[in-house]
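There are two complexes below, and they share chain A, which is joined by chain B in the first and by chain C in the second.
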Partner chain A sequence: MIELDRAGRSFKVRRSLKLKGNLVHAVCDLSFTVAPGEFVGYLGPNGAGKSTTIKMLCGILTPTSGRVRVAGLDPSRKRTTLARRIGVVFGQRTTLWWDLPLRDSFELIRLLYKVDRKVFKTRLDELIETLDLGAFTRTPVRQLSLGQRMRGDLAAALLHAPDVLVLDEPTIGLDVVSKSSIRAFLRRLNAEQGTTVLLTTHDLGDIERLCRRVMLIDHGRLAFDGTLDELMATAPEQSTIEDVVTRLYTGSR
Partner chain B sequence: MAARASFIALRIAGRKADNSWLPSADPRAGPGTVRHRAITLRRCKTIPLYARLVRYGFRKHATYVWAAVAGAFTNSVFGILRAYILIALWQARPGLAGYDVTQAVTFCFITQALIGPMQLFGTGLAIPERIRSGDIALDLVRPASLLLWSLSEDLGRACYLFLVRGIPPMLLGAALFGVTHPAGPGQWLAFLVSFLAGMVASFGWRYLVSLSVCWLIDERGVGAFSLVLTILFSGMLLPLSLFPGLLGELARALPWAAMVQAPTDLYLGKAPVLETLAFQGCWAAALLAAGALGTRAIRHKVVIQGG
Partner chain C sequence: MVRSYFLLAWTWTRAAMAYPASFALTTVLGLFVAGTDVAVILIIFANTTSLAGFSREETLFLYGTANLAFCLCDLFVSNVDRISQHIKAGTFDTMLIRPVSAWIQLATDRFLPTRAGRVLQAAIVLGYAISALDLGSGRLWMVPVMIATGVVIFGALWTLAGALQFVLTDAPEVTNAFTYGSGQLTQYPLAIYGRDLVRGVTYALPLAFINWQPALYVLDRDDPFGTPGFMRFLGPVAALVLALLAGSAWRLGIRHYRSTGS
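Presenting the complex of A and B:
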């Protein structure tokens, strides 16, 4: 479903008026494959290249080297076709219309993805029920709490029934109750609908409770790829996932 | 139909980089299949999306009634100030720019009424802020044109401000000083079409200013520059026909003239209709084309700040 083959992305960083800039490799030689129906956690310290990877996956950024395929498509070339098959949630940002009721944002998404009205209604009702949005679909988005807004954003990303869901810190800033309701929803989505999920997060609780497989990226390279148990086994002397990951983050420097 | 088919064949033979818009790009969509028809239909189906965006742009601004009321009040008060200055000027120099005093007062209040809808001060677009914060990434993920998306939203905004900030200054001007009105329905229509073309031209310019943030990180410098050019060359301050010689020629040929001077001229019946509309249309098209190129450029550029 997701396939990266020695993918790299570098940026030219110019200092003042110097014409020749320094080349910064945000991601280099990254290769991994995610099979349909997998639930993969994507970890890495700040600045490791996680967001750059995600932006390459949705076609906003073109890789400067290597090859990226999502749902069999080259994201940067077939961005619009791919957009219909992929759902993206950036936890720190929102796709919803700030001043308008939640429902209006959903309606716009129906038109954007040209979802059939009947199919859309069934899908929306389902999402409203599972994400428990019923109480506030008519509330302007600016009046929603962060947890409510996040659930709204999740629904917005899933209305066109994508095969792949890419999540960038979907639980950031949420309380334990909101977190657990989002986790439960994601688990169900993956198990019942077979949606492939790539989850980027700094919340290791998300990883522990949701992901069968974990990938860890550091300095733009893959530092670990395996199951959760294998991750824990890399540092047998540590007992919590926090300690194991801390060791991996600091050890690979 | 045959011409269309050969055009598609040509495109495929040429192996252009992106054929994704073509029905044939989808292996399941051979000509004549249901899917083929579905994809061909899809292109017409973007109209409801943009129509909805115009509506949402309108409603988004309608949320902030008091902001618009305050704007209308300010525009009206400044209209009164400007009117007194212009009356003094036209009494000293009757017939200046081919206007009589009433026409000069009308000019004053129309230009005040256009400040809101034409967004003469500032870009009025969310794009600079979204580029700075990195939210633009979300806009670029959408399977829709950023240019048309923003244009639709902006037209909704302009329509709302036309009602709330355009009409009150005109009514006030009419009540206090007396203003002229277009002679007949033809002239009204010419004005409205010109108003629409002006809105598109104004959007085109502001869109370009907004995109510049992608390279300059901050829009304030360009914004200040744009503000001076707009106030001076749109005809907002003084009728452009007052500008002498070469400066006047230049001012009347620049895009800003399409935003205020052109619709005002047509309202007053001071300019040939078709020529003026063609002038505005050309600038609107040119600015939108530049905007489309700019959008392509930022797709390549996208620094995407803040993670």
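Presenting the complex of A and C:
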């Protein structure tokens, strides 16, 4: 479903007006494969290259080297085709229309993604129920609380029934109740509909409760790729997941 | 493409109507600002009978054709110049995850239907000029051609300006000088400007083909700068070349888009 082959993205960073800048490798020679139906946690310290990877997966950034394939498509060249098969959620910013009520945003998404009206109706009702959106579908997005907005964003990313869901810190800033309802929803989505999920987060609770497989990226390179149990086994017994990840983050510096 | 365009434009129209007072105010203000342009021309002709050899009605014809094309683009395309704001705020990312071209999403971004008032104003001025000039019907076919040419050229200029923002994210004003500046420049007979400037806007940035060159044909006038007659008909070619150039610049810009941190 997701395939990276020695993918890299570098940025030229210019200092003052000098034309020759330094090349910064945000992601370097990154290779991994995610099979359909997997639920993968994508970890890494700030600035490790997580967001850059995600942006290459949805076609926002063009890789400067290597090959990226999502659902068999080259994201940067087939961006609008891929958009129909991938759902993307950014925890840091909404993809909804700020001044529109949630319901209007959803209807607009239906039209833009050309989802059949009947299919859409069933799917929307289902999402409204499982994400508990009923109380605020008529509220403009700008008036929603962060937790409500996040659930609205999740629904918006899933209305076109994507094969792959990419989540960039979806639980950032949420309270425990909102977090656990979003986690429960994601687990069901993956189990029942077989949606492939790639999740980046700094919340290790998300990883423990959701991800069978964990990938850890640091300095733009893959530092660990395996099951959660294998990750825990890299540290002495009795360590918590925080200890394990701290070791990996600091050890690789 | 067209369907997505109008869907998004309609969405923003409804969003704009959510603030009715501001909606009414921008309509009135827009018409007022547009009215001052005509007032300037009328004031000039209150003091003289010709401007570089062109009568009041001929000048209004030039103003009407250029301004109609410009206002149509201002209504339908000009929002692409908001791209630098979206790049800086990181909201451009969210446009790139939709199954609709980023250009269409930007062109419809905060679409302001109130600008349609200015299109109407330009059309009225043009209608008046054509009837007052008593033009023979044999050359009138050129008028819709020149409006279409003008729309494409202005649209391409805005797209080029947008594409430049991928590189110059901090300088939207620089590119505004080209778009709005071109709109202002083409409102008068080019004969009032210096020879070098007119050469520039004929052979480098093809603004002369928006209205000046084809209007010389419609008005049956010789070019005071002495360009050959066939150039009156080169507008569509110039528009096509500029549009292709703008299209590739835009695609190049998107491929080199760097996004923001996080």
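Basically, the second predicted complex is superposed on the first by the 251 of 253 C-alpha atoms of A that agree within 3 Å, B and C clash if a C-alpha of one lies under 4 Å from a C-alpha of the other, contacts with A are read in each partner's own complex, and residues count from 1 in each chain.
Here is the rule we go by: a contact is a pair of C-beta atoms (placed from the backbone, for glycine too) under 8 Å apart; a residue touches a chain by one contact, two chains touch by 3 or more.
All of these numbers come straight from a predicted model, not from anything done at the bench.
In the superposed model built on chain A, check whether chain B and chain C fit or clash.
After superposition on chain A, which the two structures share, chain B runs into chain C.
After superposition on the shared chain, which partner residues are touched by A:R6: those of chain B (first), chain C (second), both, or neither?
So A:R6 meets neither chain B nor chain C here.
Quick check for you: in the superposed arrangement, does A:L112 touch first (chain B), second (chain C), both or neither?
Both partners, chain B and chain C.
By the touch definition at the top of the document, which applies to A:K121: first (chain B), second (chain C), both, or neither?
In the superposition, A:K121 contacts neither chain B nor chain C.
Which partner does A:R93 contact after superposing on A: first (chain B), second (chain C), both, neither?
After superposing on A, A:R93 lies in contact with both chain B and chain C.
Once chain A of both complexes is superposed, is A:G59 in touch with chain B (first), chain C (second), both, or neither?
Both partners.
Now for A:T81: first (chain B), second (chain C), both, or neither, which partner does it touch?
A:T81: touches chain B and chain C.
Would you sort A:S51 into first (chain B), second (chain C), both or neither based on which partner it touches?
Both: A:S51 reaches chain B and chain C.
Touching A:R138, do we find chain B (first), chain C (second), both, or neither?
neither
Show which residues of chain A both chain B and chain C reach, each in its own complex.
11, 51, 55, 58-62, 79-81, 83-84, 88, 90, 92-95, 97, 99-100, 104, 108, 111-113, 140
Any idea which chain A residues touch chain C in the complex?
11, 47, 51-52, 55, 58-62, 76, 79-81, 83-84, 86, 88, 90, 92-95, 97, 99-100, 104, 108, 111-113, 140
Inside the complex, what are the residues of chain B that reach chain A?
On the chain B side, the touching residues are 17-18, 20-21, 25-26, 42, 45, 48-49, 52-53, 56, 59-60, 63, 133-135, 137-138, 140-144, 299-300, 302-304, 307.
Over in the complex, which chain A residues touch chain B? Could you list them?
Those residues of chain A that touch chain B are 11, 46, 51, 55, 58-62, 77-81, 83-84, 88, 90, 92-95, 97-100, 104, 107-108, 111-114, 140.
Please output the residues of chain C touching chain A within their complex, sorted ascending.
Counting only chain C, the residues touching chain A are 4, 7-8, 11, 14-15, 18, 90-91, 93-94, 96-101, 255-259, 261-262.
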